[in-house]
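Quick one: the structure is below, questions incoming.
As written, the chain order gives the labels A, B, C, D, E, F, G and H, with residue 1 at the start of each chain.
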Amino acid sequence: MTLKVYLSGEIHTDWRERITGGAKGLDVSFNSPVTDHDASDDCGVAIMGAEDSKFWHDHKGAKLNAIRTRKGIEDADVVVVRFGEKYKQWNAAFDAGYAAALGKSLIVLHGAEHQHALKEVDAAALAVAEQPEQVVQILRYVLEGTLPG
Amino acid sequence: MTLKVYLSGEIHTDWRERITGGAKGLDVSFNSPVTDHDASDDCGVAIMGAEDSKFWHDHKGAKLNAIRTRKGIEDADVVVVRFGEKYKQWNAAFDAGYAAALGKSLIVLHGAEHQHALKEVDAAALAVAEQPEQVVQILRYVLEGTLPG
Amino acid sequence: MTLKVYLSGEIHTDWRERITGGAKGLDVSFNSPVTDHDASDDCGVAIMGAEDSKFWHDHKGAKLNAIRTRKGIEDADVVVVRFGEKYKQWNAAFDAGYAAALGKSLIVLHGAEHQHALKEVDAAALAVAEQPEQVVQILRYVLEGTLPG
Amino acid sequence: MTLKVYLSGEIHTDWRERITGGAKGLDVSFNSPVTDHDASDDCGVAIMGAEDSKFWHDHKGAKLNAIRTRKGIEDADVVVVRFGEKYKQWNAAFDAGYAAALGKSLIVLHGAEHQHALKEVDAAALAVAEQPEQVVQILRYVLEGTLPG
Amino acid sequence: MTLKVYLSGEIHTDWRERITGGAKGLDVSFNSPVTDHDASDDCGVAIMGAEDSKFWHDHKGAKLNAIRTRKGIEDADVVVVRFGEKYKQWNAAFDAGYAAALGKSLIVLHGAEHQHALKEVDAAALAVAEQPEQVVQILRYVLEGTLPG
Amino acid sequence: MTLKVYLSGEIHTDWRERITGGAKGLDVSFNSPVTDHDASDDCGVAIMGAEDSKFWHDHKGAKLNAIRTRKGIEDADVVVVRFGEKYKQWNAAFDAGYAAALGKSLIVLHGAEHQHALKEVDAAALAVAEQPEQVVQILRYVLEGTLPG
Amino acid sequence: MTLKVYLSGEIHTDWRERITGGAKGLDVSFNSPVTDHDASDDCGVAIMGAEDSKFWHDHKGAKLNAIRTRKGIEDADVVVVRFGEKYKQWNAAFDAGYAAALGKSLIVLHGAEHQHALKEVDAAALAVAEQPEQVVQILRYVLEGTLPG
Amino acid sequence: MTLKVYLSGEIHTDWRERITGGAKGLDVSFNSPVTDHDASDDCGVAIMGAEDSKFWHDHKGAKLNAIRTRKGIEDADVVVVRFGEKYKQWNAAFDAGYAAALGKSLIVLHGAEHQHALKEVDAAALAVAEQPEQVVQILRYVLEGTLPG
């Protein structure tokens, strides 16, 4: 059993590396959005031409990113969504809703301070964790049936 | 043609009333989440028993609210999602993602200050507006083909 | 909003009547399996001819009942599954799995003594209750936003 | 033709080994839930933290197990569900219902003493057998067209 | 509960009338193909112009009839397929396969002489009967839970 | 049986009126896009604000019109697509492809001069006609089984 | 592009060999039902035990064969259905209907004498041929774009 | 991540070669219709026999081509549709609608002169470009996150 895992959400800390590094040796294939913030913001105009309006500048980029994001989520067995400490992160919550509607197994990763604000997202999840290492332990258990310690 | 419209998101201003009032006479049936904030927070424990932990208190409530929310979105032709000026509003973005994955027509309603943060949500929408009255105009146009003014 | 509710499971107590009676005045349409135990067991052979083997006797009946059960579940917004104190009740758990796979909102109703044995079924539910009256309260809240007391 | 087979249900006898052993040389890939009873019960709290309440202890574990179970069933061509002599085994019946709703080919494995109680589950199956060796014969016939003896 | 029933197959005896007549008073809505044999054969060329080739003459008609047939089957809860004593009746078997793939409840109606030749079709059915009156009894049982006699 | 029919395509002749007028008395409910050419072109900017660029002017309008078009097609049993003598009419062909992928019954209406260019669209259709009156005859036949003359 | 092709229908002539032999070198993977007539008739009772009644003897076998048949059709890109000169062949027409409802590309293979009786099946097909060699030519054209001669 | 890309539309310029050549080294698998114009027009009659009528000549060919086209689109993650300077190209718009209804990521490629006529198609796309090289840049960005220059 190979598990396809999509890592959605926060792009300012090393949580993805902690998961992919920790999962070395497990039969998992990871996928994620483009995490280069500037490229992600400007990809639309860089390829398809500049826009005067900030709205359409962002619009072209967001649609381009959606090609990758939707394939990543639709191909996945498990979607992990990380909410960091800062920013609105509405795209993370959007991805979580998108994954839930497709019946994907959802794992939500966030600190205790966001518990109340994320209650609807957590309610759609099969697991809620605080640390990337817990996600690694979940993947190991799901694949191999072994628990930490 | 009757249009079924679900009004998701912010619950602290009168935007729903401005839409449902403005749409009087149009062939629209509206639906929305429970907008009584306290009832929405406490419904789970009020009916199924108290919880010591805040997480499970919220969890029971969020799941109960999901019975209504999912039916509302799944039955809808059009899902309007309103982002207000305050709070995280991750459940609004979650609903938008859920609606998008189901192929619903999405209308997003927010002020200019949130444009950049909502670019992925806007990119999945068929219309982005700032005022509830514009949503009424959209519904009138979709149903009757008439434009304002 | 009319809520279509299917009442699956135990047929030896009056829990269905307590729900349908309690929900009077709510915009709910209820459906349920044939709850006449003898008719349910013998319907196949009574209509399509006797069988020597108990297996095929039961098989003909179970398939006939499936015409009603599947329509009931597929049409429903909410599936309530009741586990009583006696019997194996595998058809109740089967209905719960069937409903879950179709993405129906699942409410499970059982006594505390079955908590551990039903943990996988409960994990797929949006609400777990012990008393039929709690199901009525849930339906009232989902439809009208009002809580008991 | 590779047949993907998920082996659901009873975990206290060696029926899975008798099937996977007997099917050596056939083009089948098997999958199954975690069959370590203690790990399966405690996985949720072992990874995501202890719970005071038995209900939530079980709930966290059951959801975690669902990540594996649902992928196993959704990926499968054939779902074999074994009902043993003891316990409620509601999760086995739940899996059978889940598989049936997804249109999977269902094989049910149980002793004669459970025939009447399992009639609804059997009615949804394409084969009902008593011995694991019969399941091996079924898989061989389906794949290679050869019958025993 | 209204049951939508599609009556497919043989058009040379009065079996449809015996079912619809017998079901008077039941909450059933019936649908069926055009049963005027000549109209059914010639509808394509009568409306869209003559063809030199018999193949295309038939083709235009068969496609036109498919508009009605597919809607009838797709809308139905229950599809009854009748095989008469004469002719190839491949369109009846085609309808049965079409209905089965859509997950419709299938009732097959045929005489004992066709039992072996129809075994694959019967295997996909929830009921197999010989007389139209048995279909009426099935519909009554499914809707009202009452058995004959 | 009520037939829901969506009338897509050309907006410069009276073909819709000839169909809806001719179908008076039949159990059909018709739907169609906004056929006011100017409103259709300018709806986006009229409601949501002007754009400097023609591309985004058109884009906002086309998306707004998609709310109506998609509901119309998704609700329909039968989609009639009319290709007139002038213009590119790519939106008509787009609607035909959209309807075909959803499994709708497709009727194509065009003059003989477009036969070769429309061969792929015609190949996906259940009927190809030249005159609106033929579509009326098709609807009458599908609903009532009667042929012209 | 690998094309998955399922060969359904008649089992008394060498048409399958003529197709698989002729398609050597093409990127096609073939699948088909068990074509050993006796094994196909008796598989159910041979594995799961004898039946007194011919109906249930056949029923057990037909369901077992359905495990293979449904996987074969559901996995396929193209379903070829061959109608021979003899027998009722209702299972062939059933497979054709099943494949059509799943949106598979259908190729029908039959002699001119069956043209009228098969008009509904042909109307659902993307190609109708008389000789197995034409099916090979079709597969070659679809995969490589080359025509015979 | 391998991206499956279908290249639909215009067959008279070298745009496909410019994309497949430019994408060398990227993890993309390309698919496309038969681009030999004569073979595409005559394939039906060449294999299945001549037709007197041009309509049926074209019909047989268009259906045969649909076997390849539909598989190509249904397998794809991304569908690129190119509109050239000449011809009606209704099959290109049909493919775009088909892809959109299946939820594929759509990239539209056309010159500025077609902007207004293609506004509905563009509105369903995630990217609109003028040059094949931009499509290569899009594929590189989606797969590797790198932007040109």
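As a working rule, contacts are C-beta pairs under 8 Å (C-beta built on N, C-alpha and C of every residue); 3 or more make two chains touch, one makes a residue touch a chain.
Since we're looking at a predicted model, the values are computed, not measured.
Engineer: Identify the chains in contact with chain B as well as chain H, in label order.
Structural biologist: Neighbours common to chain B and chain H are A, F.
Engineer: Fitting on CA atoms only, what is the rotation between the copies chain B and chain D? Please report it in degrees, nearest 5.
Structural biologist: Between chain B and chain D the superposing rotation measures out at 180 degrees.
Engineer: So how far apart, in whole Å, are chain B and chain C when each is placed at the average of its C-alpha atoms?
Structural biologist: 31
Engineer: Go ahead and note the Å separation of the Cα centroids belonging to chain C and chain D.
Structural biologist: Whole-Å distance between the two chain centres: 23.
Engineer: Touching at least two other chains at once: which residues of chain B meet that condition?
Structural biologist: In chain B, the residues touching two or more other chains are 63, 66, 128.
Engineer: Write out the stretch or stretches of chain B touching chain A in their complex.
Structural biologist: Its residues touching chain A are 54-55, 58-59, 61-63, 65-66, 69, 83, 87-102, 114-124, 128.
Engineer: Show me the residue ranges of chain D that touch chain A in the complex, using the header's touch definition.
Structural biologist: On the chain D side, the touching residues are 31, 34-36, 39, 42-44, 46-48, 60, 63-64, 66-68, 70-72, 75.
Engineer: Chain D touches which residues of chain A in the complex?
Structural biologist: 1, 3, 77-78, 105, 125-129, 134, 137-138, 141-143, 145-149
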